[in-house]
Amino acid sequence: MELQPILDRIGAAMAGAADRGRVADYIPELARASTVPFGMAVVTADGRAHATGDARVPFSIQSVSKVFTLAIALGRLGDQLWTRVGREPSGLAFNSMIQLEHENGIPRNPFINAGALVVTDAILSGHAPREVLGEILRFLREAAGDDDIHINRAVAASEQATGHRNLALAHFMAAHGNLVNPPELTCGTYFHQCAIEMSCMQLARAGRFLIGGGATGPRLVSPARVRRINALMMTCGHYDGSGDFAFRVDLPGKSGVGGGILVIAPGRASIAVWSPGLNEQGNSKLGTEAVEWLAREAGWSVFG
Amino acid sequence: MELQPILDRIGAAMAGAADRGRVADYIPELARASTVPFGMAVVTADGRAHATGDARVPFSIQSVSKVFTLAIALGRLGDQLWTRVGREPSGLAFNSMIQLEHENGIPRNPFINAGALVVTDAILSGHAPREVLGEILRFLREAAGDDDIHINRAVAASEQATGHRNLALAHFMAAHGNLVNPPELTCGTYFHQCAIEMSCMQLARAGRFLIGGGATGPRLVSPARVRRINALMMTCGHYDGSGDFAFRVDLPGKSGVGGGILVIAPGRASIAVWSPGLNEQGNSKLGTEAVEWLAREAGWSVFG
Amino acid sequence: MELQPILDRIGAAMAGAADRGRVADYIPELARASTVPFGMAVVTADGRAHATGDARVPFSIQSVSKVFTLAIALGRLGDQLWTRVGREPSGLAFNSMIQLEHENGIPRNPFINAGALVVTDAILSGHAPREVLGEILRFLREAAGDDDIHINRAVAASEQATGHRNLALAHFMAAHGNLVNPPELTCGTYFHQCAIEMSCMQLARAGRFLIGGGATGPRLVSPARVRRINALMMTCGHYDGSGDFAFRVDLPGKSGVGGGILVIAPGRASIAVWSPGLNEQGNSKLGTEAVEWLAREAGWSVFG
Amino acid sequence: MELQPILDRIGAAMAGAADRGRVADYIPELARASTVPFGMAVVTADGRAHATGDARVPFSIQSVSKVFTLAIALGRLGDQLWTRVGREPSGLAFNSMIQLEHENGIPRNPFINAGALVVTDAILSGHAPREVLGEILRFLREAAGDDDIHINRAVAASEQATGHRNLALAHFMAAHGNLVNPPELTCGTYFHQCAIEMSCMQLARAGRFLIGGGATGPRLVSPARVRRINALMMTCGHYDGSGDFAFRVDLPGKSGVGGGILVIAPGRASIAVWSPGLNEQGNSKLGTEAVEWLAREAGWSVFG
């Protein structure tokens, strides 16, 4: 199978798509984004890379960062992490407080905001935010094999200024004893982690360690843990649209409000797609369509 | 890889397991069940069957039936079904009314009770319950290649007598215009469908059509639809324990309160396991452990 | 103070009011009602009656009936009733299932639908619906000193045909063991009780036993119980608009979806008002305004 | 009627009561309180005062302060305040986030924590916390006719250190645009307002302006507003135990987690009671019993 022609067709179609979704409006710096860009990159298990569109333009990875902080936290704490965060789909919006209240401050999974705050809080424990952000960047740079990955300070500041809802989640978990650091510190670190910028090409390369099955690239996480991270991406990776993504795409993925999605075809490829316009569930509209198209044409499905 | 020795080891271990879970107590006929039985059967893509323990003892398949009625309903209505039921994990108990109220009578997925009632209601439309139950049995018998599959009338009567919660769900959906037939009729059909009895061997054989990828056995559903049913089993198949099952087993499955689980290793095998004692999420305790063990030893994971 | 001139002014103003609210649309027989009628009657502690507008036209009392069935149930069961139903405002819509699920089938108070079903179920216990309806009518006729009070069978049939939501509530409570009779029987009785027709004059007279403080009229309930029923009307009488009614009117009351409201000025008067158009909380729009006006002009407030 | 003998009997009985409730444990400084104290003071409309037990010992008024900040906010903003906070009972715990999420950051009433934060935020607007706390103290001192009313700084600091839940509420409302000042500032002011200490005698005297009907004492609020504050105390003054308090006591009141309750007998008296042990709803156990007893013996009920 030739991937490049498929990517070219997808890129051409997406460039001309009329309905491009709506840019997220609750983070001022992101609200100014255009819905014009579309990029996609695929790195296969053998290490070869393919791309189309704006695949080398850096964008705000936002919640896609949660996959990498989860890998770091599991590496450091192991299964102890699961005493502080669950592994179940949430059935509610990504920033809901309701579930937290019903379950005494234990977030349902590490990919909703509350859960990601706990993960960042776990990594932060006993370190300065600057150190921890350095470690996250090092992990990403090593995974991508590319040192040109940075935090956009303007975006981080913008999130900080409007991050009341995340601070509410953090204070609420602190009230339940499920936060080790002061809420301001954990949230500050989290806002900076979300403001990391990467291109599709960098993100697809950084995702290689999740392909499993002897894929080339750095071996950052054990095979058993790779499968588990994939399982979480499958059931919880798209907030309250996780079931729909699994139903349509048949592959595990994690989306970010900046319009990026990291998708894994286990044993086959790491895929990154970016288009800032979002659908109703808050996931990239064209990005989801592009991945669905690619998975179908390439015959990539975890379900045979 | 030799499957039979693996199954033998699992069967021996499970026969001697001390903590066997608790039998469901809300259906009187099932509450009398023993936690002693354990059976497991595997039918591989090439049609070969392996078994251990009580794999030929019929048990009440209960919610495992929802996989088959979903296949029938999709065959009859196609994607129109999705106007009446969603495809998202519920994040709540299997028989919760709360979600229904928040989402105006549209159940989140076809595997929670409310969603399964809608599926049965959709099949029932314009037919007598007796006819529809006949059609479900015919589908199962053809899928399993075995005519000796029947409804346990005592169990059906027991569910009917204590089925107030399902009747509440049905009336609630009727109030929202999401039920075609009178609640008593839809619930009556549903109670009988849940009371179907099959052995692990029959169930594993009946699941062959979900293996995909050119597996032998009757081709009852298109490959695209097979993948989608698998996706739903992966994200929604174990109620509020779906995330945990995906995390531990890496395979799509559907459990029933009678202690049975149908699990699919896409492209590889159809697996049925049965042990009546349940874990805290209401899924077979030893059954889940056995499938986790088998998947690990056989190296079956949808995530490579 | 002369009441009649006040009533005359209110009647004239309400007859000419432009915004008359919206008729409830979920019970077909009531949905056909006009918003034109307005009637009001006041019976003071000394037994004198005053009226304006359509005060002698019978209307469907609907949930106002809950005050009378509560009085009957308390008379028969005493404080034992409170093991099956609470005394707290609900904070949710009148027919919500959510609270029921959170509190295991115990309705928060006897004036939301679930609570009223429990009250009717408690009276029904061991009797035929016909007998119980006869008893309710006898209570009302004696309280009003008027035998011309009847059930509108067409309205009862209309409620029965569309009563799925109440049946859902009843089945749900049955599932939690908080219903003695079959849900159909309890709901059937309840639908007929709601379909009782009375005029404002009859209703104001029937409410005299709640005035307390030596008011004339039949003494049907002890003074201590009268105060408690008033307290429940004050905190729970207008569903999720109870706080607002208390804030505006300062008097205990109970509204019905047919547009009637029974209001008590303790020690002073029993007031009935009727206008079918409802406000956003489901209470008579002009009725609420009329009672607020009357209370202000007459200087009737429980808060001095 | 002689009040003093009634108070003496109540005081004696409460001093010897075996089951004294449990002290709130979530504010460290309050958790160390003893359940031994009991005090009660009554100031009648004519200005005469009666007391029993520890009626002159200052205690932390906590949420009782909400009545006074509401009076101040209404005086300054008038009915505009009601665009930011509702007037309905909450049906949930005093510090729940769930309702806030369902209703987009508008608290249901000014007596739950979220609503009280909005009230304090409204008073704070454009002023320094020190000024606003000064104004609250001035209002209380004038109302009580006693300058010896102060803030306990140790309690305020203790609340601040453990106030994550209130900060979560504040940040959440800020996220919905329903907070004017920075959450830390509003919460800081609120924590100090809750840490005001008064004795029963001071509190009963401070409550005189709510008696209405020509009672002696400073006229701080208009009669119409007095009735409305009383209505809110009646329907919302005891969190999720408001209905029960109204049912048992028949009088409007406002409780605090420090064990104090301010109760108004409209036209008759202002009553303050204090005993630190709480019942299951978080209201003073002996305090509630004492007020119920007094109301019954004095024949004080808003319902005649």
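Just so it is clear, A, B, C and D label the chains in written order, and each chain counts residues from 1 on its own.
Heads up, the rule we're going with is that a residue touches a chain if its C-beta (ideal position, glycine included) is under 8 Å from a C-beta of that chain, and two chains touch if they have at least 3 such contacts.
For reference, the UniProt names are A, B, C, D = Glutaminase.
Owing to the predicted nature of the structure, the values given are computational and were not obtained by experimental measurement.
Visitor: Select the interface copy of B-C from among A-D, A-B or C-D: the correct pair shares over half of its contact pairs, counted by residue number.
Guide: Of the listed options, the interface copy of B-C is A-D.
Visitor: When A-B is set beside A-D, which has more C-beta pairs in contact?
Guide: By the number of C-beta pairs in contact, the winner is A-B.
Visitor: Starting from the mean Cα coordinates of subunit A (Glutaminase) and subunit D (Glutaminase), work out the distance between those two points in Å.
Guide: Centres of subunit A (Glutaminase) and subunit D (Glutaminase) (C-alpha means) sit 47 Å apart.
Visitor: Subunit A (Glutaminase) to subunit B (Glutaminase): how many Å between their CA centres?
Guide: Spacing between the chain centres: roughly 32 Å.
Visitor: In graph terms, nodes being chains and edges touches, is this line, ring, star, complete or other?
Guide: Its topology is that of a ring.
Visitor: Can you check the complex and tell me which residues of subunit A (Glutaminase) touch subunit D (Glutaminase)?
Guide: Within the complex, subunit A (Glutaminase) contacts subunit D (Glutaminase) at residues 96-98, 100-102, 164-165, 167-172, 174-175, 183.
Visitor: For the complex, give me every residue of subunit A (Glutaminase) touching subunit B (Glutaminase).
Guide: For this pair, the touching residues of subunit A (Glutaminase) are 86-92, 99, 108-109, 211-213, 226-228, 230-232, 234-236, 240-244, 246-247, 250, 252, 264, 266-267, 301-304.
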